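This report refers to the structure that appears directly beneath it.
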Amino acid sequence: MKTSLFSSILSRRISLAEIFVPCNVGHLRDALGGHACMRNAAYSTGGQNFAATGSIMDRIFAPYTVYKGKAALSLTPVLPTFTKLESGNGLRVDRRGNMMMKFWPAIGERKYDWEKRQLFALSATEIGAFISLGPTDSCEFFHDPSMKTSNAGQVRKSLSIKPHQDGSGYFISLSVVNNLLKSMDRITVPVTTAEFAVMKTACSFALPHIMGWDRYTSHQRPRVGENPSKVNPQMLDSEWDR
Amino acid sequence: MKTSLFSSILSRRISLAEIFVPCNVGHLRDALGGHACMRNAAYSTGGQNFAATGSIMDRIFAPYTVYKGKAALSLTPVLPTFTKLESGNGLRVDRRGNMMMKFWPAIGERKYDWEKRQLFALSATEIGAFISLGPTDSCEFFHDPSMKTSNAGQVRKSLSIKPHQDGSGYFISLSVVNNLLKSMDRITVPVTTAEFAVMKTACSFALPHIMGWDRYTSHQRPRVGENPSKVNPQMLDSEWDR
Amino acid sequence: MKTSLFSSILSRRISLAEIFVPCNVGHLRDALGGHACMRNAAYSTGGQNFAATGSIMDRIFAPYTVYKGKAALSLTPVLPTFTKLESGNGLRVDRRGNMMMKFWPAIGERKYDWEKRQLFALSATEIGAFISLGPTDSCEFFHDPSMKTSNAGQVRKSLSIKPHQDGSGYFISLSVVNNLLKSMDRITVPVTTAEFAVMKTACSFALPHIMGWDRYTSHQRPRVGENPSKVNPQMLDSEWDR
Amino acid sequence: MKTSLFSSILSRRISLAEIFVPCNVGHLRDALGGHACMRNAAYSTGGQNFAATGSIMDRIFAPYTVYKGKAALSLTPVLPTFTKLESGNGLRVDRRGNMMMKFWPAIGERKYDWEKRQLFALSATEIGAFISLGPTDSCEFFHDPSMKTSNAGQVRKSLSIKPHQDGSGYFISLSVVNNLLKSMDRITVPVTTAEFAVMKTACSFALPHIMGWDRYTSHQRPRVGENPSKVNPQMLDSEWDR
């Protein structure tokens, strides 16, 4: 199986005033044959806003890192942010979470150059492709951080995951072609079956958190008997109403 | 494997005064050959009551949504509600949770008609069928929201999940035949293997929450040494007593 | 694969003053060929004590129940209880948790006789056997609630899980032979693949909670920088010390 | 598949002032053919510091233990510790967690000698190897607690997991060769398929906690709208910045 995804990312802030949040999904091989280029609210950036909420999200530093001969690779979950509904009656996902992969090259024995790190943020659906990889499967994801801006196509990132021929693990590679900086980087980190198992287990654990679904829990809600104020009947969808 | 389930839903409120809660399970192919048409307390609606508790359940908006050429599909967990026991000594599931699937058609490039959305609420057991689907399996669920009312059979909903022939994902279709409105809708959304992996992982995560089992956790209980008041010995069942 | 477990349960309270807690494991086919009949602290009962802590554990009522033509079956997790260490510096599992299965027969169409219910409490290891069952596997567990008392052998319970021949699910049967009451009961409930998937997913979710491992979480511990008082160096085992 | 890992452990405290934490990974068969001997901050010990934080980590006693004819084996998760960032704006993993395995021999019928216990602390990656073991796979891990000290090579520990020939479970063996004490111990515990399923499920559950990823949860963060103070822009990495 070869999975190929193409995530087109908007660099401008998408209004989330609509009732639904566009999901961070885009791919070249649409099963209906369409060319739908999906909107992605997950990575919309708003300058100051990002700095503010970003700092909240990044407060825990517990990356899973593998150090190899030529480079290092770390995984860190980034949680979504929420905004209050104007009705005052709920929270809605504002910026979706992701699994941040960081690659940085070795510059000597057990020395690594953090300044040369390259980043790739896996969306929920890309995590889905990642955790469903079989031992002989490979996959590749493409990101264009500048899509739909005047710089579209200037920076192209591609993450590929390929199995070792002897089945003992995978090669994980990040390629970054930056026409603006006239640079081209490729960092490859081999991971063992055991390390990959950690990544898959940890990503499966983190996925619902990245989606914001850890908020759907009985523990966080008002106790039984409490009266919710300002019920907005527009929001109450029941299967039986339609 | 072809799984076929038929959930008969009561539209009236079932009394939960009994010690046990009827589970949301019904299916055509009963292994004992019976024609048992199971009661389902999960979706019982009580007008005002539903509005009140529904608003509590719906306060988090973090759907997983896939936008495709002809339609969009979102999944959102809906948590159960609890009522206090009359003895004051516990909580019992009142309305069971579900996984709400929403379908709405495209009406142009990247434009979708939210007003035409159709809903289908997967019960715990239907989620069980969903998450155990293999790559070549299909399944179909049937709901009659008006069952056991004078409108029984007037609205028939059917959700089907069928694999792509090339193994690259699934078609998820919702058909709604509404004799009252003389309408017939069918919305199909193709999902990739990666998107389906997200749905399965997220549904597996959400299932215990939908069942109310996230309440069974050491953290929520009184600290060791605290005295529970009003112990109701009727409720204390031990294997060794019988 | 046919797994056969035999859990011998002590009916007297086992002292837990030792540093380790005997685990609820016993089985006929010991891989070393021994006949070790394991101690089981999990179900030790202490009359009043059980009533007191039992009421804490049973305060949530969210069973997963399947109603079939001839009988009904429900699963409910039972959490462990903890006692404070005498040093005041920790909590130790006192009574281990289990997955309580309850069976009760039908006495008419959609009518069930709760008074005739029979119970079987799956230990952590029996849950392990349950969740690792493949589609064609079967297993059987044996319990003697009165083991090591003068009534040993008087009551014998056996739970068996066998696949349907067409692979569409399992038969779950509980047999109870009670020589004291001169009674012999056998209740069988067929479960579909979907229902079994719910049970497996829910049991996998519940297992760490039943073991008390949900207590091992960063969130519950003192904040960084807080000083733990009364450090008991006896308890601090490091791999490097031995 | 035969997996062989070699974890080299530093006995001195590693400075964690760098932005990244070296991960507890080391193995003989580096896929790139290198001989990279990875640093491991996870088990660094700092005397008093360890005692202090260790007592916090060890406060819950809920081991999963199997008692067999010749020896007993228990598993207990050990959580990581965190330190506050100097900026006051976050927490960073200080000491990584592990899965502590303890072996102790039988000295009679149902009597075990706790004083002769031997310990082996599985790192995150070793847990990854453990939980991805298939029914016919085996694996072996090597630890040298004194590596990079003058006592390097004096104590060698090796944990091996091998399947029973009939597929009914595994043998788990710990060998400890201590040249300083002129001692050589080998303790083997057979575990059934059911017991191994408990270990795998429990280790999969515990892995994210051991990695500190249970801290990445929406519930622990400031409410939406709260202002984080002292945002350190150095820490805010976005995929789009590089």
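We just call them A, B, C and D in the order they show up, numbering each chain from 1.
Note that a residue touches a chain if its C-beta (ideal position, glycine included) is under 8 Å from a C-beta of that chain, and two chains touch if they have at least 3 such contacts.
Since this is a predicted model, take the numbers as computed values, not measurements.
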Co-neighbours of chain B and chain A - touch as defined: none
Taking each chain's C-alpha mean as its centre, the one farthest from chain B: D
Chain copies touching (chain A, chain D) - same or different residues, decided at half shared: different
Centre-of-Cα separation between chain D and chain C, whole angstrom: 28
Distance from chain C to chain A - Cα centre to Cα centre, in angstrom: 39
Residues within chain C bordering two or more other chains: 80, 82, 91, 212, 215, 217, 219
Topology of the chain contact graph, where touching chains are joined (line, ring, star, complete, other): ring
Touching pairs - complete list by chain label: A-B, A-D, B-C, C-D
Chain C-touching residues of chain D, taken from the complex the two chains share: 9, 11, 43, 45, 50-52, 54-70, 72, 74, 77, 79-84, 91, 100, 102, 110, 114, 117-121, 143, 145-146, 157, 164, 167-169, 171, 176, 190-198, 201-202, 205-206, 209, 212, 214-215, 217, 220
Touching residues on chain B, where the partner in the complex is chain C: 1, 3, 5, 18-23, 25, 27, 29-34, 36-39, 80, 82, 85, 89-93, 124-129, 131-132, 204, 207-208, 211-213, 215-219, 221-222, 224-228, 231-233, 235-242
